[in-house]
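All chains are identified by letter, namely A, B, C, D and E, in their written order; residue positions are counted from 1 within each chain.
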């Protein structure tokens, strides 16, 4: 059996991997440098994105294949949906890289090199994780899926823990806590995934996804699917596999949180899409599990998000809720459902990235205030820090508002509306009314969630809404006001952030005028 | 000839014990042991399938090898993180609180 | 009883007069259009265009009414030129209501044309009179506009050949009466009376609306003639009976039949011209017109007829009795209106297909003349003596001689004394009722006959009483100072703005204070109380009534006796008021309409308000509580979720594993 | 029951027993050692099932590498500073979940495959090798990247100043951090 | 007559699809401009802002009129992957509502926004009031955020026009939702500060969103079944693509969704609060335009699309409708806040509309469509009056002592009388035809409806009509009648007078010549119900 290598097709994965290896090599060769690694990383991600780009426009049904056997099976196959996901992941990772740039290229305490040689390591971690993410949706067999998924997960655990040494010690310790939360969940989930793979093999007698048209043991296949979904669902933060999400999001550095909230999801969804497509070829299987996960995720996520007082935590729970939306179409196990979920994810990706970029920007302005914040690290990302943002910094507030409206699915952010439409359509085609009604109620609930934030954005400063989010920072009630006041006159936002905000906003606006619909 | 039911039973048992181990232990390393049991169960399942039901396909067997290797990689990172945890907190207790969010406090504004 | 010659009504009728051949003008629309539109446009223009000029407002109002009079007269003429004496007209075109035809057409026949003339003429007189009466009123213009609108609405009802159009006119009249009664809106009594009038009539209109709806939908059209044709084909049916009973209820409301009677006396809070308009020719009589239009159906339903007869008879007698006991001349007239309108409706209940409904319309026309006269004269007197309470108007007709004939003729007509118009119409009614009770009229006719017979002496009694009071010789006036007429403003010219104020001194000057047009109007009405009889004798009316001269004589005798009794009772009373003999408690109860108002409150207003409060409470505390609760509940759940979401690794893992077990279990169990 | 069955039962009993002990033992070190036995037993199972290569890798990687790592970790963390035993309710709950897992998985497997005997016809070692380096070269290469990055990551994390008790700044002799704020873009 | 009409119509230039540009572009441009302008360091004066907005609305109204006459059709592929077309296709159903939106838009933008005023907490004491005290200003003045306010008005209009024009279900939905955010801003930022405006705004948004997501469900279910989102296709198929149970479910989702918007009892509790809180122009738009989206949706998306499902739910819908009539009218008898009272009366009127729709006959549908437009005009009129009064009084509480309107502000008083009369169904004004038509239709519903029930509903509706007169009498007696002259308040200013005249004339015109409107809607209704 001769394997047909086709490295060009695999380039979206290879480019970041090569960049990662180069980064490590450059570090060995020229230790102590910081920026070159980041530039290399950016180049690798861009290269991957460029390689994935042609796949987006290939006609439906075509795939870019690599590593194929003569019998037609390929270990790597990327159709248009997969390519879109890959492109999203790579560009998302690039955004994260830009977001993390100042931090990762900064000197350690005392002005010297970080003791760990942090810049190359984190860059390499980011690149390999992204490579894993990119590889997942193209996986053609269980082995590729398991390995690439682990490749996408393990580096992120470490990324959470590897924070700047200039941070306060308790804050760094918290980052480790966050890493532990993610680690334990990912370990257990991998166990489930492995079990699922075993059941899959037991049910179909094969480890490949294609060609499972008939199975001897459909109930085993369902079990396998449940286990695989469970193993993947932790990554997409679906209830009940979501518990790590708020802990880790709040603990990790913001760029890493951004990565977890966006790029990581692509891996999870990619895996789900692979599984669902493989299941879809099998007659007469349904997956109630996904429907339950979707319903539980959006309900729990929205309800809890309703009470959050911190932007990052709110986004964490909103991620949980959005996971439900991503899963929603998959409950019908059709290939249309897969593209629906993919399309939703892309919109979610852009909106969440934009929201995080703005949160980072706002936190940056708060951070530079001369007042040392006794309220603790939460103050910079507290919702209260966004009070009056619409007046103070409309150019940040409007994009953020647009992102939130997209997540909520309210016009003028038509992109969000269309995404919701896309996600709901398969469910209604299937006439799963209970799920549809739960989803519909969650639209409203979701809007309530994002509305709280919008209210804070739009509220005028010093308005007597004392009992609102202003009290978020607990003891630091007075400080809030001060820091917010600083924000109005605070330092300028980094040009890189402006570029990101501009680009992502343009994407959302474009998506609202000419919505993509399904991929 | 062999009855695959036997290894399958062992798979179920190991998985159950693994789940129990994960949930019943506080020490992080012991939780890791539970995970290893879970992975062992998966491996056994794959091997059993490879030897009794795959019709000579080497896929499941190879997958076992991959699982074992991934597990190794995981353990490496896991132990490193646990060490970091130990250095940071002085314990590897998974019952310790990982989250510092405030308890109680203001309920958000109206819905 | 001596044997008297048999006499049919047709024997009395005037011979056909050859009319000159006038050129038929080819105008846009028909005269009915012109009459209705002129008044309607006068109303709109009066509100919108006249600015601050009362004179312009008066021009517009009077002009509208005048156009209507001319148009309706012209309509009479055109009817003579048309074979079949009916004329159909379209209006705004049919409503596109799908299955339901709503052509919105008008139909003119002789009786309706005559009623229309009467309405227009009374309206014209009222417009002219109002210009004088409300000379200093800052809101004369809205008043005139409202009167115009009122006229338009009544003309619409009269001409309508469509149930929807009838309803339009019907409801508009209700609203106009509200505005007219509440004209002096700074007075809370006026506000209350206005609201009461509207509410009571509108409540009864529920029945009217539903009756119309039932009739129209059953026939698939709202066109009255077709509705009548359809239901006549169907014959008596429960639906028809229900619909007609509902209609009767609605009519009872507008016509102030029992139990809706109490709004009408209160409506005296309105300015006198408004009272004259409402009571004489328009609103209260509208029910008669409508039921006459639907007469062919009414005779089909014994239940509805009986209902109508009972309500009308109770009202007829009761109102006549109450009228006798009123301590205010205007209220006396109001109750007399209630009684007389009941009379009109009663005859509809008593009539059969043989006699036809025309007697009711004839009485309507007759009543319009003399009641308008009485009201306007009373208003005039009220202006002169500063009130209309019996004690105040005592000797009014003596002191102001110009009023004497007006009052006298009006009261005589009201009492039905020959040769006044009231006599003819009352005889017609008696004849119709008798024909009914002798023929196919059944119980209803008998009841009506008895009641009409009983009401005649009662009417004579209160007329006598009023006359005695009004005509009391001034010589026996004990304390003239109390009744000394105050300064009366003098109005020189109808076409003037109200700027010249001259004090009138002495009775003659005071009499002259009325404007010439108002005076002319009342004179015209006075004339009509006599000549009106001729109108009733026109050969265009169609009642085939047999006149029982014995009955006529008996009635007249009874009337004379009751008048005599009243005269006797009045003797010895200083104000010559026979009602003073009535015990104080009874008199008070009568003045208050037998406490009907209290009953309305207790039986309708209070329960409805209590229900409203309960509903408001329920809405806020129960329905809305669910919504509020949803918000609070969501936040509470979120709070709970936040507090219970794991902070530690183990519970997080427990969630994962338990979740998988549950999902896997479901996956395995549910295929 | 064939001989293989009996043999498998024996090995399986050892494996299951040691697994039970490894999750119930109150001594951390004992638990780790029981894990060694379990993993070894698993390797035995693989052998009985005829998968020699897998069994060997299991022994090498797991018993050889993983367990050693675990033991090192245990030594470095000195018993972890935590009580091993959790509360009874938690253990009961854990037992329920474990039992549930066993029942669901076992039930599904048994109902699917029944109690019949089948021939052992696994792939030969050559086939496995060919698959690893031929067909499955893609995951294999990815795996290599994974191992590489796991090593780099582990070293980085192990060396990172993680704050908390480990942090020099927490000791009384060092001055407090100046820029004591949370991390994000600057 | 028809010749004159044809000649007049021939004068209208045939701009085709450019009419849409004229109708929609001014709103969009003005909204964008005003939003940007609001952030400039040197803001333009309030007159500039107000006039820009007014001109945009007027030009748009002209465009809408052109659309109504020409009825050009625009079809562009919008979201190809979902088969969604950007199709604008006005017909007999939407044209009246488009015109209504245009007129109300002009009125709403013409009205002045007033700054938050000090709350008059205690009842006015006659003893202290000084007749010579200056009358509070009601002319337009510079209010912070005026540009944003007008921008929101434009966006609301834009969304409503889009929804009414849409020939595609999803486009309708987008328009339907587009109005929410600007409306939310209008209420929460410019609403009555004494009435928890944030809460009201959030309640409005959430309730509407719950409804609209249910609507979305229904739309998507039909879309997947028919494979199209084209409303014409849907109407043509008439539900043949869906089974009975699906029709039931779809109809239920859509009806509940739209019932929340309309609102139909018992989903109405949000409306009074929101109305009482919203600024005058917001109330006007809400009552005259936004609520219409609900009824429009029922007629557009339910009646022709899932006829079987609608038939099944119609009795319940009608029952709730008439319950709403009586319920709301009863509350009006005891409601103390005038603005809330008007809002309640809206619920009652929309009950008639719903009853008409539910009757399933052409008469009912015609009456409902008529009532819909009539209510739009009447409620706009009433809210202009009451909004102005609330501003002048410093609150809309009826129990405070107010000068009799008839004495001190004859213009406002007359407008109130006309509005209340129309609202209580006085013939000759617009409200009558819709109500009587609904009762007529309910008495003889379509043959597949239980006519016993519907007759009962007709009776209840008729009783509700009488209750409407009762609360009208109450309002007029408390506000219009009376002899109090203090505290003096200024009469309607020019913008208000113009707006009131415009609306009043339209109310009168529709009342006198209902065929104007009925003839526009008739072809559509026949198309829907004759099959």
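Methods note: a contact is a pair of C-beta atoms (placed from the backbone, for glycine too) under 8 Å apart; a residue touches a chain by one contact, two chains touch by 3 or more.
Since this is a predicted model, take the numbers as computed values, not measurements.
Touch-path distance (fewest steps) from chain D to chain E is 2.
The chains in contact with chain B and with chain E alike are A, C. Among the other chains, the CA centroid farthest from that of chain E is the one of D.
Closest chain to the protein centre (all Cα atoms averaged), using per-chain Cα means: E. Between the interfaces A-E and C-E, more contacting C-beta pairs are found at C-E.
Chain centres computed from CA atoms place D at the largest separation from chain C. For the pair chain A and chain B, the distance between C-alpha centroids works out to 24 Å.
Computed centre separation for the pair chain A/chain D is 28 angstrom, with centres defined by C-alpha atoms. Between chain B and chain D, the centres computed from C-alpha atoms are 6 Å apart.
If you average the Cα atoms of chain B and of chain C, the two centres end up 92 Å apart. Listed for chain A are residues 141, 143, 146-147, 150, 154, 157-158, 161, 172-174, 176, 179-181, 184, 188, 192, 195, 199, 202, 219, 223, 246-247, 306-308, 448, 455, 465, each touching two or more other chains. Listed for chain D are residues 86, 90, 93-94, 97, 100-101, 104-105, 107-109, 113, 130, 135-136, 139, 143, 146, 150, 153-154, 157, 160, 162-165, 167, each touching two or more other chains.
Across the assembly, chain C contributes 631, 634-635, 638-639, 642, 647, 649-650, 653-654, 657-658, 660-661, 664, 668 as residues in contact with two or more other chains. The part of chain C that touches chain D in the complex is made up of residues 650, 654, 657-658, 660-661, 664-665, 668. Residues of chain C that touch chain B in their complex: 630-632, 634-636, 638-639, 642-643, 647-650, 653-654, 657, 661. On the side of chain D, the complex with chain B involves touching residues 1-2, 4-5, 8-9, 12, 15-16, 19-20, 22-24, 28, 31-32, 35, 38-39, 42, 45-46, 48-51, 53-54, 57-58, 61-62, 65-66, 69-70, 72-74, 76-77, 79-86, 90-91, 93-95, 97-103, 105-107, 109-110, 113-123, 127-128, 130-132, 135-136, 139-140, 143, 146-147, 150-151, 153-155, 157-158, 160, 162-167. Across the complex, chain D is touched by residues 1-30, 32-34, 36-37, 40, 43-44, 47-48, 50-59, 61-62, 64-66, 68-77, 79-93, 95 of chain B.
Those residues of chain A whose C-beta lies close enough to touch chain B in the complex are 141-143, 146-147, 150, 154, 157-158, 161, 172-174, 176-181, 183-184, 187-188, 190-192, 194-195, 197-199, 201-202, 205-208, 246-247, 250-251, 306-310, 313, 448, 452, 455, 465, 467-469, 471-472, 474.
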